[in-house]
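In the two complexes that follow, subunit A is the common piece, with subunit B as its partner first and subunit C second.
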Partner chain A sequence: MNRRLTGPVRLGLAPSPVTRVAILGVVAIVFAIPLLSLLEFSFRDGLSGGYTLAHWTGLFDPENARPYRTLFQSIGNSFLLAGVTVGIVLVVLLPTMLLVHISFPRLRRVLEFICIIPITVPAIVLVVGLAPVYSIVVQVFGGSVWTLAFAYGILVLPYAYRAIQANLDGVPVVTLVEAARSLGAGWPTVVARVLLPNLRRGVLAAAFITIAVVLGEFTIASLLNRRNLQTALLQISTSDGYVAAILALLSLAFAFVLLLIIGRIGSAGNRSNS
Partner chain B sequence: MIDTQALRTAAWPTEPATTLAITPATVELDAVVKVYGTHRALDGISLALEPGEFVALLGPSGCGKTTALRALAGLEAVDGGSIRIDAEDVAGLPTNKRDIGMVFQAYSLFPHMTVLENVEFGLRMRRVAAAERRVRAHEALDLVGLGDRGERFAHQLSGGQQQRVALARALVTRPRVLLLDEPLSALDAKVRVQLREQIRRIQTELGITTLFVTHDQEEALAVADRVAVMREGRIEQIGTPEELYVTPATPFVADFVGLSNRVPGVLKAGTITAAGATFELLGDPQPDGPVLAYVRPEDVVLDTSPRGKGLAATVVASSFLGSLRRTTVRLEGDLLLSVQHDVSLQPAPGDGVRVGFRGNPVSAISAP
Partner chain C sequence: MTVAHTAALVADVAGETPRRHPVAGPAARRRRGGLAKYLGLTPFALYVLVFLAIPTVLAVATGFFAEDGTFTFANILGIFEPAVLATFGSSFWVSALTAVIGAIVGAFVCYAMLGTKASGALRTLVDSASSVLAQFGGVMLAFAFIAAIGNQGLVTVWLIESFGINLHESGVWLYQVPGLIPVYVYFQVPLMIITFLPALEGLKSQWAEANATLGGTRWTYWTRIAGPVLAPSFIASLLLLFANAFSSYATAAALISQGSQIVPLQIRSALISETVLGRENMAGALALGMIVIMVVVMWGYSVLAARTSRWQR
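Right after this comes the complex of A and B.
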């Protein structure tokens, strides 16, 4: 009875430390086995049973530049797309969210609903809708690969919105804006000197998530006949499985590093707030 | 009764005299209207502040006092009337062009800047040279007693310190008008009393025209030259704290500013007869008939002696309030009266006592 009054009640549902380690171990194995297998495969020396670094070094060997030219172009396309998509997020989504948060708070639910829609629509359905739109986009902007960023700008809305909104909710934006305005700051100064420094964490997280999503996107690029990293990976896997495995590992490692950076930014933000 | 003497003796470090030169301005709100949907938040309020005057807008939540202040700051567009600072119509000016200083209810320091950078922000916006900026920012921080906290961040300061930095930040630009939007409401009671005294002292030193919004009548009466009591978007009465307390113009003011007993009586030719006593009616003439007279607790006299004079009553409760004691008594007919008296009298619940009235003028409303 006293124990109930003096401390939290344990219902006996929490797993023991051993169980927790076991669960974590199983999950780690499930994730690690395919990755390690992929890594092991990338070092295999054909059917000889031995291992070699030739596949890794060959990928970056200038003598092989020609056969891999299309591949590196596709990687370049993906980074270009990531950059333009981040630009769309920063130029379109971020100002819209700030405007809604500061001046039209009643529209917040509407904006949230709109931004979440893309996550509920399968990519294949999205492409069916985008195909006729892109016939016009091509007429206006040409058929360059960067135009795919318009579609990616929609695709990343749910992730970018969440990252920025979480930061907006943690900062007294309206009060800071009003304080800055009362001190003589115009709107550009308010955004540059007051809002962005305080929203840095959310904006960076949105940018990194956007990059990760764009680098991993396949369906839309493939169905709209554009070349990016993922379509190139599929294509090259039919002729050179080793290079496909190496690039898959590298892109996963890149995404992992991005997520680590996001995590560090988040924890740094939490420390400074506390 | 508000114990202003106790407030004035609240301990606070003495700050050095400032050389911040502020030119006080006149402020005029003339028939200002603000409508939200069908709700008239400001229903044609008019208010004039003399140069260097400290005026408090006092009223319950939702009465429009913060809306009035925000309209003056340019944070709310008005739907009618005019707002003038130094005879200049500022209704069309954005907030950043109105040359005001403002302290908010919520902590509003920029979290990514140090205290010094926060205070320098307004000067930076006015393109003041770096050297002068630094000197003036230090001077403003010294003024609020935080000269040694310049390198700290907002989260390293207490709530009271943050509001003092916000005050320094608002004053460092030498604004024409200082606007205070319930700056003390988030602070604990002791700090609140200390800070309001400091605000008043600095305001007097600088002579800056100040509009102070609060829902705390004790706060308003303690610091303001004049107090405007607001209700449902209108100003009920403007006057000095003494005028509001002693001669409230309306029952609402009598009820809101200080405590009042509602004693049923009859009004005839400007004189109220209630509970065996007669009172002169305050304010505008009213039609004769039954009324509720508003009698202050300090205008009721308590007599605990066995052969005392006055109406027989029974003590219901008695509270010790430091320099005075407040006792609630029940008269015949179940009428409850609050009596304020000296602490030397210590009535206990159930005691038989006598009560009388000093006979000061009272305000009244028609009885339902």
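Right after this comes the complex of A and C.
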């Protein structure tokens, strides 16, 4: 009863605890069903109706390394792509954002606008125009899978931009730079010892969100005939559904952990700011 | 968190750009750094030019050319053939239906989240789970639904054994357009949560206090104050959900391996077989059709979202 007398609840803002638990409970259960079904499926012993651990242990058994070789290669490709894409974010996007923030404040809106274009131009549209571009990219860089990271760098622009910008907005960058410069620091020192330590949260969040997006990417890889985790999953699902189920669960769990970490980084930052 | 942030970003751009134009002073004065500074911008400019601007222009422009390089409207007119219009129609109603369901269910979840601590464990959990399901599911969500309501799915089998209800009585529909609906709803609801929750939190407790002081009830608060304040952002989120479903490809490609029932799948056929309806470069025309719809929807979104941000200052 006491709770009902205080603040927002009595005023009609927030739901009562019962309503809250009811809504969240029902939605959580409904949303858990497909994932639990996937988990259950990964333990099924063929059509016998029994359960087995064989699919899980089999995946990590060195004996099976051969049949799963292309699969593991594709997972390797995805991690390589994630790494190179993070590199693009750090080497191309981050310095540009710093430069615009410090030297070209008038261009901030332009940069923002460019970085959100990929929301309006979805991957399935972009891939139509990427096909001819990649026929040239292949001539310049060769056909290795890592070149796909150029396209992924574009896909992650909105996420990476937002993560870094949120951090930039909370740090008095210009003041810090001027202070460091007037104390005689050169630009490399300013960036490495003043700016980056202050932007650690944003850069880390941008890197993690980039990894999550790249590991989940299917459209461009599939239509440009490159092999990554998602295209391999779809391919193996026709011959070995159990392995596909297990890897789907593992990669969803991995993305979830990455985003949990981003969330924790973010809320830790909020606390220290306030 | 991510889409919500991007969403706020779209709103910012729409809301702020016009006001920025008259301000020219300080930036112009900073230009003494000269050309060297501008050089620093070239890597990003080149990168965006080659991998965003050129592909977008190419995607749209190829639709206007025949295979031999001559200019033609044939592909564009191809969009209006009944078979292609029908796929735009399917795309449209699947996106609209799942956006509406997702928006309503998502709004209820946001309501339930009201009053929880912004940095609390529950919030972080819901945020992260929503982000994963809304953004990175794709192929994997299709697997989950095959495991749940596919022919031998857990739910399918359970319903038959316990209640004698056959989900697929009139044929298996999971691998057809109707099968997209449950899976799309599954990623629309989380997207609604991450885009709409910040708007709900923009409700100020003073408004509830004023309502109570003036003798209002819970009902008048939601219908006369919170409702009208939230309406633009609710519709903005609805548009974002529509755009999200309309442009999504991975889930559909994983469920529907043959045919081109929705526009992204038709682009797939056009890219793989090079010809749809006996026309070259149809992919470009379809891409143009998609971009037109996406631009209209996202424009509506940014206008509405900018309106909303007025209340959040």
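Keep in mind that, in the parts below, the second predicted complex is superposed on the first by the 260 of 274 C-alpha atoms of A that agree within 3 Å, B and C clash if a C-alpha of one lies under 4 Å from a C-alpha of the other, contacts with A are read in each partner's own complex, and residues count from 1 in each chain.
The definition used in the following text is that a residue touches a chain if its C-beta (ideal position, glycine included) is under 8 Å from a C-beta of that chain, and two chains touch if they have at least 3 such contacts.
Since the structure is predicted, the reported quantities are computational estimates derived from the model, not experimental observations.
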Practice task
Pick one for A:V194: touches subunit B only (first), subunit C only (second), both, or neither.
Solution key: first
Practice task
Have a look at where A:R106 lands relative to subunit B and subunit C in the superposition and call it first, second, both or neither.
Solution key: second
Exercise for the section: Would you check which partner chain A:G186 touches, where first means subunit B only, second means subunit C only, and both and neither mean what they say? Expected result: first
Handout entry: Which of subunit B and subunit C A:E178 touches, first, second, both or neither
Key = first
Exercise for the section: Look at A:L204 in the shared chain and tell me whether it touches subunit B only, subunit C only, both, or neither; answer first, second, both or neither. Expected result: neither
Handout entry: Which of subunit B and subunit C A:I265 touches, first, second, both or neither
Key = neither
Handout entry: Most subunit A residues touched (candidates subunit B, subunit C)
Key = C
Problem - Residues on subunit A lying within both footprints (that of subunit B and that of subunit C) - result: none
Exercise for the section: Spell out the residues on subunit B that touch subunit A in their complex, using ranges where they run on. Expected result: 73-75, 94-97, 99-102, 104, 106-112, 121-122, 125-126, 155, 166, 169-170, 173, 179
Completion exercise
Given the complex, residues on subunit C that touch subunit A span 1-2, 5-6, 9-10, 12-13, 16-17, 20, 23-24, 26-28, 30, 33, 37, 40-41, 43-44, 47-48, 50-52, 54-60, 62, 105, 108-109, 111-116, 118-119, 124-125, 127-129, 131-133, 135-141, 143-145, 147-148, 152-155, 186, 189, 203, 205, 208-209, 211-212, 217-218, 221-222, 243, 247-250, 253-254, 264, 267-268, 271-272, 283-284, 286-287, 290-291, 294-295, 298
Exercise for the section: Would you mind writing out the residues of subunit A in touch with subunit C in their complex? Expected result: 7-15, 19-20, 23-24, 27, 31, 33-38, 40-41, 47, 88, 91-93, 95-96, 99-100, 103-107, 109, 112-133, 150-151, 153-154, 157-159, 161-163, 165-166, 209, 212-213, 215-216, 218-219, 222-223, 230, 233-234, 237, 241, 244-245, 248, 251-252, 255-256, 259-260, 262-264, 266-267, 270-271
Practice task
Give every residue of subunit A touching subunit B within the complex, in rising order.
Solution key: 171-172, 175-176, 178-186, 189, 193-194, 197-198, 272-274
